[in-house]
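Here chain A shows up in two complexes: once beside chain B, once beside chain C.
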Partner chain A sequence: MRRALVAVICAALLVAVVAANRLIPEYDRKMRPIGTTGAIGETVRTSAFDIKVDRVTVGRSLAEKDGLGDERERTPGLFVLVWADLTGVDQPVTLDTAYLRTADGHRYDTTDAMGFGSLDETGSDPGLTRYGAIGFELPPYRLAGARLVVAPQAGENRLGPQAEVDLGLSADGARRLVAQAPAVVRYDQAVYR
Partner chain B sequence: MSRPAGEHPYEPYRQRPTYLPPEYPPPPPPAPPRPPRRSRRRLWYAVALVALLPAWLGFLVWRAADQSYGKDIYAVGPVAEHDRPIDVAGTRWRLTSIAEAPRPTGSLTDPPPRGGTLVRAYLEVTPATTAAAKKIAGCTFAARDARGRVWDTADSSYVEDEDDVPDTCTPPGYSSDHIPAGRTQRVGVTFLVPADAARSLRPMVRPSSGTPYVLFG
Partner chain C sequence: MAGSGGRRRGGVVLRVAGVAAVLAAVLGAVTALGGFRAAPVRVPTARPGVPVPNGQLVITTRAARYRHTDPTDTYDRDRGRYLVLAFRVTNVAPQTATADEAMGGSRMTVTGRPGGTVISELSTDFAVGAGHHIYLQPDLPRSVLMVAKLPRGVPVPRTVAVTIHRAEYRPGFTDEHKAWWGTDEVAAVVTLPVRSAR
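And now, the complex of A and B:
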């Protein structure tokens, strides 16, 4: 009787071990960045940087404010500029990872149309705040519900800091923004405040 | 000659009349050693488990931390006392001065942003050999304050280059050459930092990629 009980317990433990092993998360999930979420107008604080998005501008083409001539970058979709304050915490920081995550789960990385001077590339330093735009291109119908995701390290940002900011673009708000979009949206180089 | 039982002086006392009271019986023979009880063995297993579990969890945390973001790319190695030279990577380094820089007045330079201060440091760099001079040709400078915050050198737009002192470990000008062995070169680097960091700022240099920074006091 006692031996049978021990055998049953051992079998149950074996099953539990197998089940527990299946519960171990995959490497990418286990080591994914430690995200901090917030909304437009709020300062989102991470261990490496603070970011505060204050506005979103859109346009059918893109130009640098003080650029020479009338050079414009064009897109079949929409240029979306996310304007933000960025401050490093204890080291210089650049946002090597920056993308928009749409409501339906698509990811749009930063546009190549923006020259040097975008906030993600310029970055910032501890105690000094830089203000500038991060640019994206995406189809207008994917604007509603988009969230900005930024992190200081590209590729494998294992257990690193990451900020996710809800841009506050409701369906109506996004529609209005697109409808009122100017032909050209202009950006400045990121500058210290 | 034999004596009757009980009268022999070495006869066990209990076999003959004794004056000892009955409450002091003779000690029992020593018991044979018993095998450790099962419950005691289980206790040791439990103790081992309790000790190993935190050790295993610690290992997992250490491994995760080792693989994670935040490995300090500004890690500090050797520390030099203020004004004292230090020999690292076959080169002698010496901090000669560090002070707040005057506000740039030139039309080609930007003023520091509100709340920011420019700090300029001068160092002397003397490679002992040609190999050392080549090794340090790609040196990089940074600065650290008392709170452990780190800044790279300021953008060139903030630097008023009046004294023509190079800001690299290569000879002045646009030469890609190295400093001649044994020659001391002066290097000047500027940092843009918040005003509250200026007073405790300490420059540091990474002689070559992959090495820790040398921190100057």
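And now, the complex of A and C:
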């Protein structure tokens, strides 16, 4: 009787160990950045920077305002520019991680079609606010529900600061934006306010 | 006593004969199935212009050209001997990739013929690019050029075989962070002629 009881307890403990192991979160989830969320028009504050997105513009091609010549970058999708104020907290900051997370979980890193002067690359200094655009390209059907994610560290950014901004693009809003998209969307170099 | 010893000997002989018969049958079967040589691996092939999915990308190999200038400017407009491969690539993974990571290194090998000398190792450099665009955004197809600078003495191949390896999304050996990695498994080998471009 006693042996049977010990065997049952051992089996139960074994099951508990396996179950507990399954509860351990995956590495990427365990080490994910410490994110602060907000919405377009709000200032999202992190320990390293503050960011305030004020508008989103889109276009079928991309060009730099006042650029030399009229060189347009083209995409089979849509160029999306997210315009924002960026302020460093206690040291200079650049947004080495910047991507759009779409409603269906796709991650679109910044476009390589944008020249110098994008806000993510230019960054800002402590206490100073710089305004500019961060550029992306994605298929128009993935625009609705897209959120901007930015962080100062590139790569894994384990437990680092991160801001996630809901761009407020409803299905109808995104459809309207795409329908009214100009042939070319232009960007300025990021500048201090 | 002598009778029981004889029976025992008889039993041993019977067992040895049984084991030998089984071994002979196994060896016969192995020989009939091709022996102990490595079985030939059937490498999947695809024709130029046919999209090849490798898990992360769908790669269409379009053309191979021999040129005296590098259309990607990777080699600073040096006049030289360039092998240029043109691809149409769609990133079907849910995250952005760079062309050099997703198509360079061991992800794709280019040889003069299937199983021949690896051209990418012969060249002084091996570049991936499409103008200055090297990002492959999910579900946005992009043209990609790969350029190999052929060193002196290496003849221009008449055909090239592009071996596209499968990729998988998994943690690394020393790093639990998940990323795309190339595998040894071949998605397809595409053989195409090298034409001269003006």
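Everything that follows uses one rule, which is that the second predicted complex is superposed on the first by the 171 of 193 C-alpha atoms of A that agree within 3 Å, B and C clash if a C-alpha of one lies under 4 Å from a C-alpha of the other, contacts with A are read in each partner's own complex, and residues count from 1 in each chain.
Simple rule for what comes next: contacts are C-beta pairs under 8 Å (C-beta built on N, C-alpha and C of every residue); 3 or more make two chains touch, one makes a residue touch a chain.
Model, not experiment: these values are computed from the prediction.
Steric overlap between chain B and chain C is absent once the structures are superposed on chain A; the two fit side by side. Within the superposed three-chain model, A:28 lies in touch with chain C and out of touch with chain B [touch as defined at top].
In the superposed model, A:125 makes contact with chain B only, not with chain C.
With both structures placed on the common chain, the touch criterion links A:159 to chain B but leaves chain C unconnected. Seen from the C-alpha centre of chain A, the directions to the centres of chain B and chain C diverge by 100°, a value given as a multiple of 10 for the model superposed on chain A. Once both complexes are placed on a shared chain A, the shortest Cα to Cα gap between chain B and chain C comes to 13 Å.
Residues 31 of chain A lie at the contact with chain B in one complex and at the contact with chain C in the other. Chain A makes touch with chain B in their complex at residues 30-31, 33, 47-48, 89-92, 125-128, 152-153, 157-161, 191-193.
Of all residues in chain B, those touching chain A in their complex are 64-65, 67-70, 73-74, 113-116, 147-152, 192-194, 196-197. Considering their complex, residues 27-28, 31, 75-77, 99, 105-109, 111-113, 137-139, 142, 156 of chain A touch chain C.
Contacts from chain C toward chain A in the complex involve residues 94-96, 132-135, 137-142, 171, 176-178.
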